[in-house]
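To keep things simple, chains are lettered A, B and C as they appear, and every chain counts its residues starting from 1.
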């Protein structure tokens, strides 16, 4: 197992390099950053001067190598738009995204599995059928539509929840949190609900499907026959096995959302990393985009490695040699 | 043969399950609607000569300012909503099937190779998957837009494929890994069956069922992804709206009280996706050997 | 024991939650929702109007512009223009920066020379490179010489904000971009990027302390969210009312909408390469007359625009009122096409951005429809500005596109040199002339104005130039968007919109 982990880590670094290289190369064919840097009123000579000053006239390979060399020391270059270090810019927004995503995933996990278990016990009861239908709806609405509808209902018509921003935040050390203020929590509600929607529905359905499989297994029937209380049967025996795919799915969701909760952050003007990515894409802010993708890569890769390892522990039939 | 047997039981179960029939009927309905769009829609929304700004923002026909022939009202360019929905289904479905076919074939092939041969090849393919999965589809769509210098349905399809093939690959690989260890495979190998024959005749047919489920679910996922890309401005061109694009365009008007621009396309999109999901659900259960259906599903 | 602990815990929780409530909105504070976020606190870091809008509160320039669009003294109490290349400024005495440092000529020299550095101020390089020298005569007098004669040089001085030499040199670029130290009416309290900018009044401001003490500026780029923010009471004022929601706000009894004609003409650039159908004057006229601009203003812009007649706005030197729009006449347009030999029409591609101007994409769609009705097959190629603008600047890709141009110099010279002058390396002009439109006669007329010293003569010459450009239909002008703002009536905000869309809070007050 140790060799497996080491190998995955090394491969991870290679993936990281590939990802950044692809990013770099593709940017050659898309928007010209010199225009962003030089501004609207510059002349052709000004732009050439800027191109030279930023080293953008060198061949792509040279630019890439020097970027990696500096990145290894922790310097990811400065944003073309704001001229502050790209890494710092992204990390500044990290707490905001983390708080939003973690809240959403926990909500989805708790409510999703909880409801999933409930529903699987009596699948034909009216309320449970309703819940299943709702979950079907939940995976069929695009996230941005949920967000827009929530804003319309709760902010515009009812006026009880704020439609954008994080509200008042408190800074502890370098972490800016919204959990400690009433307005911070109020601002978190709508975006978290929007983000949760799809994930909750997915986890609910996954749990229910898993429970259905497990509840017909022999060992569960044995447990019932033994006269164990329903709580023990469900929570101690059935749920444990259902949780494997549920937890792995949550892990993958966490990784993906951390990296790309773009739409929700855009609609609610949530000052997170996804919002920054979108803005940087539209401004052709290459240093920020490349740094961001590398960071996203690291997050997703690490979570994938953890998930694969966990899966190998839990399912002895899978062999990694 | 195995295939023949599965088919007949599949069909039998299908005909007895209401959600399966409903789901697939909805899908077929949408496909028909989009194929027949040029003949059944009241207006050709892509023909710039026929669309008039003076008809813009008319509400559905049953409301006070509604006008015929605009049954469901018009958008802010004067396009008939109903017609645009019919044509929009077409765009949405083309993107969805396009991605599923392309990403599906690529993903299944790579997953098969990775799962069966293992070792270096497996690591290579899986790491490739990790690489492409790290790119946000939005970013890819934007980059492709910059490369091709113009929007188009093909650009969107490619953009979504880049990250989408990964789910097919991983699923196929997992499935192949499990099938590989089955007794009948080892038996076939022991009798000296060649690799290719083994793959095509034994491994693939048995590893494929989960893929069908993934395909069905993916259809829905791609339609929603395309809607999101259009919402962010990097989707299909505005002259060929998809359902998602219509929702994106309609969102600006929802606060102004012109709900028809978002409600109808939104409902159409949801209906389509729900239909696909219903069918996918049924398929997943059908192809899953672990559930004792008879004992559990008492109607 | 457990019970006591949990009670204490709950008590603390409640106290915390109650304690950190939201700020009350009072008579000396204001919360504004703006449509663009500030990018940097370094006045040399960005030349985008939304950034200037924020900078103008922390900094001052040598001159300032008021709501009428005219220049008035600010940090410089007067100035002279003794010869074509020289500008002499006499600075106000006794002004201090936020950190207590006195404002002197050394700071002016430093600020101007800093504009040449591409690493910090790449967007100002065109001005930086125009400065040949900045000579300090004494602490309050400074002489600036330009490289070439530039009669409109002083028009830039309202957005070249003066920085404190000592503290800027002492800090690294990152710090300069976060902490503004200027002479302005407000000091920065806190800037959380993407969330808010909080500022508080500078009590020692040389122009008198501003009436509103605390300002909370929040960027909300999504237009429907901005609308929701105003209606829900989260903010008291918004800039940039979304066009589709204008009617809703006007009809809302709690909200007042304030608007003002904007200064950015939106137009269709059309190339004139010999041999192309659109090089023919009749075709150009036909295209102009085929477009129903009134309907575009009414339906696409929802009334939030006024028709444009030329590529200049009324506040600009070079604008002349005697240019009239060609009438909307599709029948005549079709006739002209036939005369020119294009009875079957022709193909053309209309390009444009989809994330820059109000309703840009929709305007393009509408234009394509009008052209289709006279037989011109118009294809659309609309894309994000980050892709589109570099293509324009690289040139030679499009013959027909939508663009808007806001001149920060209030002088036609800039419009002409960037948008019309034949592309060529020697003078570096024509960098936004993406269609490579070229008319050497007009260029010559323009060159003559550079040497003119007499302001009246120059103005007349520029007006003549503008007239001639429109006679040749150098571009098809569309409209000038309205700048709209909306305020909560209950907040009783007193404010007059500025032509440059800046929000200068010292000029805003609450009753």
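Quick note on the criterion: a residue touches a chain if its C-beta (ideal position, glycine included) is under 8 Å from a C-beta of that chain, and two chains touch if they have at least 3 such contacts.
Predicted model, so just to flag it, every value in this text is computed and none were measured.
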item	value
Pair sharing more residue contacts (C-beta pairs) when A-B is set against A-C	A-C
Identity of the most central chain, Cα criterion	A
Approximate Å spacing (C-alpha centroids) for the pair chain B, chain C	43
Where chain A and chain B are represented by their mean Cα positions, the distance between them in whole Å	22
Separation of mean Cα positions, chain C and chain A [Å, integer]	36
In chain B, residues with contacts to at least two other chains	142, 145-146, 251, 254-255
Touching two or more other chains - residue numbers and ranges from chain C	224, 227-228, 355, 384, 386-387
Per-residue overlap in chain A, given as positions that touch at least 2 other chains	30-31, 148, 152, 156, 266, 281-282
Touch list for chain C against partner chain A, complex	16-18, 20-23, 39-40, 42, 45-48, 118-120, 122-126, 129, 173-174, 177-178, 192-196, 218-222, 224-225, 227-229, 231-234, 355, 384-387, 389-390, 393-394, 408, 414, 418, 425, 428-429, 431-432
Chain A partner contacts - residues on chain B that touch it in the complex	118, 123, 127, 130-131, 133-136, 138-139, 142-143, 145-147, 177-178, 181, 220, 224, 227-228, 231-232, 244, 247-248, 251, 254-255, 262, 266, 269-270, 273-274, 277-278, 281, 284, 288, 290-292, 295-296
Chain B residues touching chain C - in the complex, by the definition given at the top	48-49, 51-54, 56-57, 76-77, 142, 145-146, 149-151, 233-234, 237-239, 251-258
Chain B partner contacts - residues on chain A that touch it in the complex	7, 11-12, 14-15, 18-19, 22, 26-27, 29-31, 136-137, 139-145, 148, 152, 156, 209, 212-213, 215-216, 259-260, 262-263, 266, 277-278, 281-282, 289, 293, 296-297, 300-301, 304, 317-318, 321
Complex contact set, residues of chain A against chain C	30-32, 34-47, 49-50, 53-54, 78, 81-85, 88-89, 92-93, 148, 151-152, 155-156, 159, 162-170, 176, 180-185, 266-269, 271, 275-276, 281-284
